[in-house]
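Each chain carries a letter (A, B, C and D) given by its place in the written order, and its residues are counted from 1.
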Amino acid sequence: MDTITNQTGLFVLLLLFSAGALGSLVLRKHDALSNEWSGLFSIAGSLWGLFFALSVIITGHDVSFAVETAFSPLFSLAFHIDRLSAFFIFVVSLIALFSSVYGIGYVKHFYKTYSIGVLGLFYNLFIAAMLLVVSASNGIFFLIAWEIMSVTSYFLVVYDRNDEGNIKAGFLYLIMTHAGTAFIILSFLLFYKYTGSFDFETVRANAALIPLTVKNAVFLLALIGFGTKAGIVPFHIWLPGAHPAAPSHVSALMSGVMIKTGIYMLIRIFLGMLQPVPIWWGLTVLAAGSVSSLLGVLYALTEHDIKRLLAYHSIENIGIILLGLGSALTFSSLGMPSLALLGLIAALFHILNHAVFKSLLFLSAGSVINETHTRNMEEYGGLIRFMPQTAFFFLVGAMAISALPPFNGFFSEWLTFQSLFKGIAVPDFSAKWMFILAAGALAFTGGLALACFVKAFGATFLARPRSPEVAHAKESRLTLRAAMGALAALSFLFGICSGYLIPFLESIGRDLDAFRNTPSFVSVSPEQSITAGGGFASVSAPAFLFIFIAVFIIVSFTVKYLINRSQRVKIGETWDCGTDLTPRMEITATGFARSIILIFKGVLKPSIQKEIEYNDSRSRYLPKTRTVILGISDVYGSYVYKPLREMITRLSLRTKDIQSGNINVYISYIFIALVIALFWVL
Amino acid sequence: MELPIILTSFLVSALIGISVRHRRLIEASSIAASAVAFVESILVSLKVASSGSYVPFSFFYVDSLGAIVMLIIACVGLAVAVYSVEYLRQETAKGIIGLTRVRQYFVLMDLFIAAMFLAVTAGSPIVTWISIEATTLSTAFLISFYNKPSAMEAAWKYLIINSIGLLLGFFGTLLYFIPLTSLQGSGFVSWQLLAANTAHFDPLIAKIAFVFVLIGYWTKAGLVPMHTWLPDAHSKAPAPISALLSGVLLNVAFIMVLRFKNITDAVVGVSFSRNFLILFGVISMLVAALIILTQTNYKRLLAYSSIENMGIVSLGFGFGGIGAFAAILHMIYHALIKSTLFLSAGTVLLKYSSTKIARVTGVLAALTVTGILFLTAFLFITGTPPFGIFLTKIFILSAGIKTHPAVVLVALFSMVVLFVGFFKHVTAMSFGKTPEGIKAGEGSVWLVVPPLALIAAASYLSFHVPGFLFALINGAAAHY
Amino acid sequence: MKMTLLWTIQFLSVPVISPLCAGIIKKFKALLQNRQGPGIFQPYRDIGKLLYKDEVISRDASWIFRYAPYIIFTATVVAGTGIPLFASFLKNTLTGDLLVVIYTLSIGTFFLALAGMDTGSAFGGFGSSREMTVSALAEGGLIFSLLTVALVSGTTNLFAGSGTGMFAIGRSFLPRILAFGGFFIVLLAETGRFPFDNPATHLELTMIHEAMILEYSGKRLALMEWASANKLFIFAAMASNLFFPWGIAQGPDTAAIIFGITTFAIKIIIFCMVIAVLESSMAKFRFFRLPDLLIISFILNVIAIGMVYPL
Amino acid sequence: MSIMALRLLLGIIFLTVVFLHLTKKNSGAVIAYSVQSLAIVLVLFNSFLETGRVSLLFVTLLAFVVKVILAPLFFVRLIKKNGLRFSVSTYLNIPLTLIIIAAITAMAHSQKLAPLVNIVPANHALLSLALSAMFLSLGLIINRKGALSQIIGILSFENSIIVFAVFAGLEQSPALQAGIMFDLFVWLVIATVFMSMIYRHFGSLDVTSMRHLKD
């Protein structure tokens, strides 16, 4: 393994993706060839990435080297891959692998409409850029990779360019991410100002030179900058638009992995570079996590666009990851490194898990959309009969994201909960209450997520088809199913094997200086029982699975063979109160969530429009049609972004007055500038 | 002999334009002159790179910065000459212009380029001033080329405002000669002589002189608040001329101030002039960015973007150190990319016959290659990695963060606003449905090759700067 | 040997005793309403009868509908292994965590709601919608009330939580009582009792739980009914053992165990009576008033947790 | 020539600028400019007399031809051709203009600009006056709406610079001066052509009628 944990290993990785990108561009005249080329190289690259990342994690040998550039000593192509980077390379590669497999089949429906070569180019570059982002160790180099990641993903978002909505979503995405980058640039500039370097290692070593107020500023800047990419509320507004707009295998990568790169940098900066940190940083992160997770899931409930719904769940899960990270920060400020490590493990584990089940969900949603040609859940229904395997994979994803045991989502949320529970016991007053609120937010989030996925699965796959499109749906192609199946299996395996995974994650956390010699609060017993918080709580995934399956078999066996052998099962109609049951009588996705929306109307600010048309305008007894539209107003748009936009636009219009068109005025500017300059200098 | 050859070839080409009525010959001679200038400029810059400066006769003087700007003129000039041929043919085909105008165009363009070459290579500040004045004169009729009222208006404003600016610059230049009044008999005052005689210079006069030069020449370089003519002129001129104006002429005027800055700095120290550079730079960035946000005309948008970039360059020189290095690099990138943008905008204008952003939709569908060029150039110029301008911007900001954090903050804000505004308009133009009656397809390959070559050059320079150019940049940056 | 026996009892007692619990409530309610009422073993007879009946399944139903009863029933039984019934020393460290129990029950809720939507009936859909609304809002209160106990006892293992005496730490008395208040509200919500749901109704406008299982018949209906009885029993057991941990067996000593079982039975019966009294004396709430109640439960628990470690 | 005569010439230059501010007729402006140019030529001639360099005589002649003869000729033809007797109005009325003139003159004489006028201490007063003339010319261009007045303003600005340069001893070599003069001539031609084109396009020489280009 040592043989590949060096720079050659990394170059091979980048080379594979570059070859995929360029090759598919060269072959752009042949759709199929280009697609296969891009797919094969990205698969090969992802496999190599997995191999490479695992080698680094297992051997613990950092890969670190720099290629100097001629431009300036400030900027070098510096790589530093420690275990934390390797973990993220692992996550990127893992999801990229299945997305690429899926893509080979999925992209076929773009043939002849759009250039497949361009898709292959940006797709491979996007993955390569993500790999660079998590392995760069020079600030400028990092920013370059970061922006390439943003721009390539922008082009993937607007790939389906005939849809005006996609263009708008892409626009919002790129300007938000650009604004976010400005904040990041500013924080790096502040690093440079006080440590004289953009190199992360140098900054870390000289972090003591940075005054506390500047550190605080850096914290806020980085939280906003990286939070924009991660989709923290209220900087999330681009996310529900952009993720659905991209082709589904790209959405899987964006939601599953790309947004985590923001989290990666938050970990890197807050836990890696700027230790020790003031306690309010951790509390702020906790608050951000609580708000994001709760609002994310609430907004998801209001959606009937399946991919937007999933996108909002990404916000929710980023919130959950932030809860883990926030508790890690808080504990480290309180001098409880073991608990901090627990929080970090929870965050890392959830990053991995969310990547798996969110990409699974996006891929299965993509399969559904591919067959039904709409993202509107109100037009689905009954797909479980037409696409049984897709339905099953979606169900697995839904259970995992709803944190139902024994799937992986449960175990990372369990760890997050444990770190929050332990936080309630800290002696610091404000921290204690923040932890209580965070735990409450997480508890409600869990319940609401469950409701949301009942809605999503039920409206999509169950009951009768609500539009004729559904009836033509067929089970998707083999590569699509293979990718989804593998992710579903992973989602299950990561749950069952959480006991095996946790030591790995712990070794990753220990790579950070703050935790190098920390006694662990997470242990795994021989029977795979995970114990967290120094014996505070424990759970065993295999035992749970065993009991569950055993009981299930006993129950089914008993009911089927011991009790009733003589009775018949008749297939009949659903009871319809004597009328003809039509799909229009089924509950809709909007209707399902309506009660929750109304309960949270203070937050969501729904608008209900009712339009009734009468048969006879004089006697208003028999309505002809009745339309109810339940809309959710864009609160952030109307209270944050719109005023901001209007303010800057007004400023812009004011500035335009300079260009009044009158030449006399223009000349007077020069005169005034001259006079001011003369009398200012003298 | 390189410099006289350059000037002569352009003058010969201009003469051919005046005396001959054969269109192909005029076109060929213009391209040939640009090609000769291109080759000779590279030779000159190689010489400068190896020896620091190049003084063939006492009449000429090329330092590192001059050589860089010379290269810029040569590159953009060649591309513009090639592009102009096809551009004017298409306009003739559309019935917009006749042969007389074409001849006029090439003659004036040749004179214009020649004047710019002379401005950066002349050994005397006064000759420099004369040639910069000559650029104004030769371009005035190019700006009013289409003879429409708005074009007339633009040309008039251009003429008047720049004349005033240049007269101020002239006055400032004269003031720099004060220490030389004691040295009797020297008829010809060269840049070197000025730089060598700073010892007797009254600091207060040096400051006043610098203010006049700064306001004066920067009127021509288009920094706020002296920029007012720029969006008008750059948007009304034919697209290739806009490329020359925005991409090249601004730099030519800009570096004049830098030359005087060196002299002033020798007298009163660097901080005096730096403050000016920073102030004008940041104001230019802010104003240009804000105006771009609600711009409705894409050629004006590009013009404002030039103002913004001049602001960035000014900021870079104002911060000094690595900022100056980045500023020079930025100047090069900006010249190449802004020309690309104007040339692509010209192709778009040919296709859509409108400079209103609202009337232009679906460029990617109608003009695929040009659309991609435009989009790429947009990403380049707004500082999106991996393109070079990102690096130069970061370097400039990091040069400033230590001493002027507030300025850096404003500059960063302007960059974001500019990106948002520019991107909004680019999105509106690139995507969407092509209007009725616009047929898809590039007009001619020669409308694509010149901008493609320019952007290719800029992209290449983003990743690798050839040794001699690097030596030139370092040599020039060492002075600031 | 003894432990195996005890574990078998622990495993079996949830499914075996739960119908009895439902029967007791029904009987009490009947008595309170001056009716004779069915015997307390009537639920067993009902389940038995249903198990042997023929079934009708909608042609719109998918495998979700068919397998949901088994999964739901299994989930309740598995959850039952994670809670203390009569012996707190059976520390189930594998699945006895409060979150495991809660989320295992959620599996049941999840499939119940899906099954409700599966047949395309209008009733099933709104039943699921209401069920998920209530359970989503109950989640916070549920976790926090158990968390109060967990914090008092220093572990989230529910068995250990029932092992500490109620007055072992004097200052934990108030938090526990508050948490119990919260828990009781959640109990009513989760088990579909008044004022949240009327377990006996088939009136379209008010039913929640019944709406979802409307399409079931035969053995699947039996499992559904049984599972809901299990759930009721589990909640009652948690309420009695975690908040009033009296008499529960602390060690594998036969007398203690028998005492534990007895006190447990008494506590359960008392709970059944309380529920019956409540159901007889109270009207069902309008649906949109329920969130207030659930929020009250959550806030009670937040206060309780805040008081566990007073500063 | 005596210093008194030079002062007189400079006074004439200064007064012509003031007159340019006040006159309402285009012809008056042209005449004022010719007078001003003549004064400049005399000043240049004086420096030829002092130095005795023949080349300076050549420059003086060139200046005479361009400024005193050609420029007014162009303007007069323009005025005749288009019948532009009256100049377009100003922004400020006459009293206000006078106040501004006073303010600008005071500014040019202010202590702040002392180093500038002390280049040649003997010519201190002259330099101040030349500086005032410069600023006043700028003020003229700003205040006047007429294109012709603006052109004359620029020319008068240039004259003031020349006169400042002469008194400050900053003359350039004759070759360069000739170049400058040639530039000026070309500029003059172009400006005149533009003026007639503008008149054709806009129907007046009022620059405020040009309002196509604004943001």
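Here is the rule we use: contacts are C-beta pairs under 8 Å (C-beta built on N, C-alpha and C of every residue); 3 or more make two chains touch, one makes a residue touch a chain.
Note that the structure is predicted; figures quoted are calculated from it, not measured.
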Per the definition at the top, count C-beta pairs in contact and tell me whether A-C or B-D has more. A-C
Where the centres are mean C-alpha positions, what is the separation of chain A from chain C, in Å? 35
Could you state the distance in Å from the CA-based centre of chain C to that of chain D? 100
Chain B to chain C, mean C-alpha position gap in Å, rounds to 78
With chain centres defined as C-alpha means, what is the inter-centre distance between chain B and chain D in Å? 31
Two or more other chains touching the same residue: where does that happen in chain B? 156-157, 160, 164, 204, 208, 231, 291
Would you give the residues of chain C that are in contact with at least 2 other chains, written as numbers and ranges? none
Residues of chain A engaged with two or more neighbouring chains: 656, 659, 663, 667, 678, 682
Can you work out from the touch definition every pair of chains that touches here? A-B, A-C, A-D, B-D
Residue numbers on chain D that touch chain B, as the complex places them: 113, 115-116, 119, 134, 138, 141, 147, 150-151, 154, 157-158, 161, 164-165, 168-170, 172-176, 179-180, 183, 186-187, 190-191, 194, 197-198, 201-202, 207, 210, 212-213, 215
Taking the touch rule as given, give the residues of chain A at its contact with chain B in the complex, in rising order. 70-72, 74-75, 140, 143-148, 151, 158, 161, 164, 167, 170-171, 174-175, 178-179, 182, 185-186, 189-190, 192-193, 198, 648-649, 651-653, 655-656, 658-659, 663, 666-667, 669-670, 672-674, 677-678, 681-682
As the complex stands, chain B meets chain A at residues 156-157, 160-161, 164-165, 168, 204, 207-208, 211-212, 214-215, 219, 224-226, 228-229, 231, 272, 276, 287, 290-291, 293-294, 322, 325-326, 329, 364, 379, 384-386, 390-391, 394-395, 397-398, 401-402, 405, 408-409, 412-413, 415-417, 419-421, 423-424, 427, 431-432, 464-465, 470
Within the complex, chain A is touched by chain D residues 91, 107, 112-113, 138-139, 141-145, 150, 207-208, 210-215
Note which residues of chain A are touching chain D in the complex, please. 656, 659-664, 667-668, 671, 675, 678-679, 682
